[in-house]
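Pasting the structures here.
Presented sequentially are two complexes of chain A, the first with chain B as partner and the second with chain C.
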Partner chain A sequence: MTSETARAQVRPPFWRDVRILKVVIQAIFLVIIVTVGWLLWNNLIGNMRASGLPTGFDFLDRPAGFTIIDSDFRPAQTNLDAILVGVKNTILVSAVGIVLATVIGVLIGIARLSRNYLVRKSAAFYVESLRNVPVLLIIFFASLAIIGRALPQLENAWQVEGLFLISNRVIAVPWLASSGEATFPAVLPAVFLAIPAAALTYVWLRRRELRESVRRALLVAAPLAAFLLAGGAVLAFVGEPSQVSAAVTFWTSLLTVVTLAVRVAAWRTRLSDTTGRPHHRVLWALGTFVVLGAVVYVLLGAPLDLTGPRLEQRRISGGISMIQAYAALLVALTLYTASHIAEIVRGSIQAVPRGQTEAATALALSPTQRMRFVILPQAFRIMVPPLANQYLNLTKNTSLGVAIGFQELTTVTGTVIGNGNPASQSIAILMLIYLTFSLLISLVTNIINRRLQMAGRR
Partner chain B sequence: MKSTRLLAVLAALVLVLAACEGDAQEDVTTTAADGATTTAADGATTTAGDGTTTAPGDGAADGESLLDEVTARGSLVCGVNDAVPGFGFVGDDGTFAGFDIEFCRVVAAAVLGDSEAVEFRVLTAAERFTALQTGEIDVLIRNTTFTATRDGTEGATFLTTTFYDGQGMMVRADSGFASIDDMANTDICVLQGTTTELNITTLSQARGLDMQNVTFEDNSALQAAFEAGQCDGWTSDRSQLAGVRSQFPEGPEALTILDEVISKEPLGPVSRDGDDDWSDAVNWAVIATIQAEEFGITSANIDDFMETDDPEIARFLGLPDPTEGTVFDPGLGLPTDFAQQVIRQVGNYAEIYERNVGEDGLGLERGFNALWTEGGILYPPPYR
Partner chain C sequence: MTQPVSADVETGAPAPEEPPPQIKLTPKEWVATNLFGTWYDSLLTVVFGIGIGIAVFFGLRFIFITARWEIIRVGLTSLMVGLFPRPELWRVWVALFVVVLSVGFAVGGARRMVLAELDQEGDVATLGLRPRVDWLQLLRRLWPVLAFLVVILAFSESVQTALWLILLLGGTYATYYLGSRLPRSAARHWLVAGLIGMVAAFGIVIWFGGVGWDDWGGLMLTLFLAVAAILLSFPLGVLAALGRRSSLPGIKVVSVAYIELIRGVPLITLLITGQLMLGLFFPRDVVPGLVVRSIIMLTLFTGAYVAEIVRGGLQGVPQGQYEAAQALGLSPPQMMRRIVLPQALRNVIPALVGQFISLFKDTSLVAVIGLADLLRVARFQLPAQGAFAGQGLFAETMLFAGFVYWVFAYTMSRESQRLERRLGVGER
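For the complex of A and B:
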């Protein structure tokens, strides 16, 4: 008997064979999960039918019957439209909140490591006091005290006519608004969206090894696809098949100008790497932006005007205004998340090995240069995953706006449910939308994380 | 070893599922075992054991009614409000008091014979119907307006109206608003998910007043905003506004309730669709209070009626008929002397009204809430 046949004959029986057991147990687990899920689902549908509750999603097409403050929403519009307004409000708070919280958080995080005693202690006080309080209480405090009582009532608002207005009901500042009724063919925004798509494809291709024929095909196909997609999107959202407002055209053209400015900065960096001369890429990018932006602005016939807020009969006209609930939620979430981000930033800076600081000092870099060129770039790499977590937290914390009556997604869904629409389906939609937000934020931060990672790390 | 760990996880899962089965109040998995199979089998959902679902339409034929379940449990779960003075609020000593609270006790006295056997669940306007639909509460007595949509899509059955109210508008006395038509371009504080919100929207549109609704989940946030001057008016049921005004920190004189009645708001107890036995029982318990007032029976003088010759009163109180000697049982599933329990332990409608929203409470006139014999519209159906 050879050793192979001996080994082959010593196979354990199937009920003791680890390889088979692994598969069998996972199969059993799957069956249990599916069965439990099916039982729960069946029970839900059965109970809803017994109580005479609708199990479909037809309620989304029913008229909502309520108004949403600070929007063009009419009560005759559908529940789905109401939920979309809620989504828009949530995005408004989340987007602005993420940007502000990051800026404030980074500044305070660096301040906590300052050599100045007062700066260091003030930053520590801010972080410790806000981090340890439940965010709902901060939201209440912002709404009741900061916005509600500290700011004056509308009759006594602090205002400079046409410049700004601050009251406990509304805060208004100047903003750009559509001027005139000029329209442009829908193909124009589509072109404006296709150009950045072409630029991004070019960048993406450059970093990959592909056959020459495939490269050329993609370089033609991508802008074309982007043009068609963008055109379709514009038509879907705007409706009118042939004419689009000057404002929409302007904002899409802004995207093109920004992309081109970024490409110019990248080009200057590459140039500097090969020739060794200073790149001045920020100045070049800004210059491109201003020049191209002005050209587009003039070409479109000055589509936007700067308007200031004016108070007429208790309503604000002109400019852009934020209502009390939005201001309170934004302030509360920004301050709270900034305190967490400050700690993350501080931790990331301290996680950069001390040898880096010493080497930078040995190379005669000033403290500012040291922070800017050596420490912070390495710290950014470390802090991206925890920052992503804080952004997700901020987005989900916007649902607490229901406590102060801010018409974001959760509040609107609650009103929809309270008006006689089925709760199970509404909450399911609510959770799916929050899941989408979270996945989007995770996607973007994962891309950034991968770009920043050191070569070889996966 | 990996398979050992997997087996341990499976065992834990089985234990958790078994633990869930033990909870009778709000378990989903046990009713799944019965409800799922019988739904598949014969289309009508019937449950064995302690299920909370009944066949649509006739609860008496098969399956259990909530009436049996509440009687077996020995206590009533009542969905209430805790922030409306006079109707449902928590007093200084931490106990629930109010018009609606007392009707919860009326139902408990009728069904269980003990008006104290009540568990109160505080609910917001947005979640009250969900709580009713899921069986978390047995009955909802929470200043809820009877509307067609709620009757239809919310799976709710509305019982006898206990309070005929109307929607009103409250403003600051020094605001200069004399009527709603003066309030163009104003911000109005209102509760989210209520009929008041829908009504004020409709009114604003119809009259072109361009009012904006500032909505809140509960009255405490709303009141804080109103006090800070973040809205110009507060709209709600007039009885609620009267209650708030009576307890306003700056004094009732600081506020004015405008005269205009914006809409009809008939308030009453609500039970779940599909359980006729329970709905009937609760309904007649409530009607008994109004009938008692019509007969002139109060908690103080009920003993005088124990030897009555009047066959109507004898039938109502569950006493043997003066001539026939039989005790009347209409087949509602309630004990024959439920009216006695209700009157003795809680009182008749007039007593409940005066204690909470009348002379000893908010000071509201009876108005529509008087008996039909006294100019109001309370008209109890005959108990025969």
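For the complex of A and C:
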């Protein structure tokens, strides 16, 4: 008892007691933050009331009253629909941009390490000139100086009939188009949804720890059941064959075929890991893809044609057309991001310790083998986080489409605000959508990162 | 990359350093190894040679024949200062002199301190051991700046401007020399000298019946936005980084929310927020102008990124440093200020410079919300002005503006790489 009181007495006065101070500091900090926040919020609400701006989100359901270029959006559709068109266009630029920027960036990054003087120096020139210029300037340059001025009018466009068409208004390339005539038996989409269901069940079962005999029985029975269930559900849901959309069928089948090809590659890898025989997984996967793809294509009754762009009286038929703003934004963002990716690739390759190169040489690997089996796998692990950061930047930079009037998320939201809808709520929605994009990309990166780290033995 | 010094494994003492043997190639051997090593090397050389030839031909033809550079000649002042009132232009010149001379002085002082640290023998010894100026190396480092000055002179076509710029260069070298010869006790204050110079230049333009920043434009506004935002965002970023590492949940949550929220959205949406909404957060009679609103938003944006950089630096400080500071009986604020932060910040200087370069490029986004910065003048004002209206001379103005941005960003990134090498950051 006395020691208790003694301890209480040696306790420092409360203004020097760390435990109390911690609470006090946080309380003061939070009070300040909350007060400032409340003041700002109060001003916001007060000012909005005073200028007669609504404070709710009702405007989302009202008709937008404007059209969106290069889309079938009608003015009678709601503001929310308009924003969704913007989201679609944002995804369209970022997804294509990410793929192109990665390809170009990796090529140039490797070119910077080339033994060939000309190749090395031109890659360095590309990187150093684009990396140190604002991306917005590149977007303006692509839109006004390259596409707007250097390219020809639509009437005398550069074109190879049916292959490509380049003009200052539209750039068109071949694309897949539904041939329209083929009818789809409803059983086909059912089959194509059922196969992944069965495959997933199979994979899931392999992970379970069950008694061997039960497992063997289930491994056959359960995927079959999943197959029948999923197929039956789709059949029941879809009903008439004519109602099945060609696009849904096509993409589902493509996804199925790709999934199966990937599984085959994984199986070859596993086989090679356990037996030591060469895996040839790329060949196997490609073979699976080609054979299955051909079978499916025939089964579906040749649903798609590859059509090339053709100019007919100032209108383009066939292929896929990119309007000037889209092409400019895509080109600018791709080239700019590629210059950053090239630096990341080069840095990651150089960050692999020299001893690895020397060890590979000592094992008598050829330069190509050295790169393919020793350097690149290790460099790739270093590359992933900064690469994901660049993807994130590219996605965020699509918002600069607002400067050249490309109808992506920010531009559409700006139009919505310009039509007299409340700015605060619109901007809140805008930021929320971008935050979601960022979170999604971070999530995917984290998953990839974890998998790579597990593969590493460091 | 610098080669690590080889060390004696037994004693740990560095082995005597020998320069690697120099292999001199004759031009013929050089071509054989660098251009025609293997058959595909030769193929690449031919393909790239033809490609480069075509690109150079069209590039040079545009620059020297087709381009109509008179638009830059006419609009050079606008590109530099925007719509700044021309009768007050002398203020910009004076401010330019003050800034550049004081920065030259500060750089000289900083160099003096670095040399003094390298050589602890004292002032006299350092002065004696000072490495000679290597002019060729200096030219290799600063050629973009010289190219920039030459281009400006070529377009201004005025003897007066040429004289001023030469005077500026000479003066800068003089103050740099002065700064690098100061006694250590004075050279220690190099940062203060630089900051005073900047504030003085700012005052010369704005005070004494000067021109407020709402009338600034061109490169001048771009630089002002970048410098103001980096100076303001640095303390904000350090505080947010400390907050994120804090053990107090109340502070941590607020810091994390700020950092992640800002980093998740594009800068342009923040600037649009500033343009359309920031006024709503203030009482109606104190709504700041667009420049101030842009600076606020640029600061908030950069602050979040600076916070992440500083956090990286803080994580790099070994745990033992914290423990040693506590063992010395330092209070947490003392520990941070005297032990941890100096080490953390030193390690992230290159990353901070990188962030500053990025901010410098990103200020161009204010062109979208209507500030007359360098990019907006080049994109909107010049091509629509007078005789040039409707002629679409965007390539010329864009190339010029791009060149200006490039000179600044490239020089800064090269210098930052040099700094990185000298600080030995990232060496293993």
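The working rule: the second predicted complex is superposed on the first by the 349 of 458 C-alpha atoms of A that agree within 3 Å, B and C clash if a C-alpha of one lies under 4 Å from a C-alpha of the other, contacts with A are read in each partner's own complex, and residues count from 1 in each chain.
Just so we're on the same page, a residue touches a chain if its C-beta (ideal position, glycine included) is under 8 Å from a C-beta of that chain, and two chains touch if they have at least 3 such contacts.
Nothing here was measured: the structure is a model prediction, and the numbers come from that model.
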{"item": "Partner chain in contact with A:52 - chain B first, chain C second, else both or neither", "value": "first"}
{"item": "First, second, both or neither for A:410, with chain B first and chain C second", "value": "second"}
{"item": "Which of chain B and chain C A:434 touches, first, second, both or neither", "value": "second"}
{"item": "Contacts of A:149 with chain B and chain C, given as first, second, both or neither", "value": "both"}
{"item": "First, second, both or neither for A:386, with chain B first and chain C second", "value": "neither"}
{"item": "Which of chain B and chain C A:314 touches, first, second, both or neither", "value": "first"}
{"item": "Partner chain(s) touched by A:397 [first = chain B, second = chain C, both, neither]", "value": "second"}
{"item": "Partner chain in contact with A:137 - chain B first, chain C second, else both or neither", "value": "second"}
{"item": "Touching partner for A:119 - first (chain B), second (chain C), both, neither", "value": "second"}
{"item": "Touching both chain C and chain B, counted on chain A across the two superposed complexes", "value": "22, 25-26, 29, 40, 43-44, 47, 50, 140, 144, 148-149, 402-403, 414, 417, 423"}
{"item": "Contact footprint of chain C on chain A as seen in their complex", "value": "22, 25-27, 29-30, 33, 40, 43-44, 47-48, 50, 114-119, 122, 128-129, 131-138, 140-141, 144-145, 148-149, 350, 396-397, 399-400, 402-403, 410, 414, 417, 423-424, 427, 430-431, 434-435, 438-439"}
{"item": "List of chain A residues in touch with chain B within their complex", "value": "18, 21-22, 25-26, 28-29, 32, 36, 39-40, 42-44, 46-47, 49-54, 59, 65-67, 69-70, 75, 140, 143-144, 148-149, 153-154, 168-169, 313-315, 324-325, 402-405, 407, 411, 414-415, 417-423"}
{"item": "Contact set on chain C toward chain A in their complex", "value": "1, 33-35, 37, 41, 44-45, 48-49, 51-52, 247-251, 254, 261, 263-269, 272-273, 276-277, 279-284, 357, 361-362, 364-365, 367-368, 375, 378-379, 392, 394-395, 398-399, 401-402, 405-406, 409-410, 413"}
{"item": "Touching residues (chain side chain B, partner chain A) in the complex", "value": "1-3, 6-7, 9-10, 13, 17, 28-29, 31-33, 35-36, 39-40, 45, 53-56, 125-127, 129-130, 133, 149-150, 152-155, 184-187, 192-194, 197-198, 201-202, 204-205, 210, 212-217, 221-222, 224-225, 228-232, 272-274"}
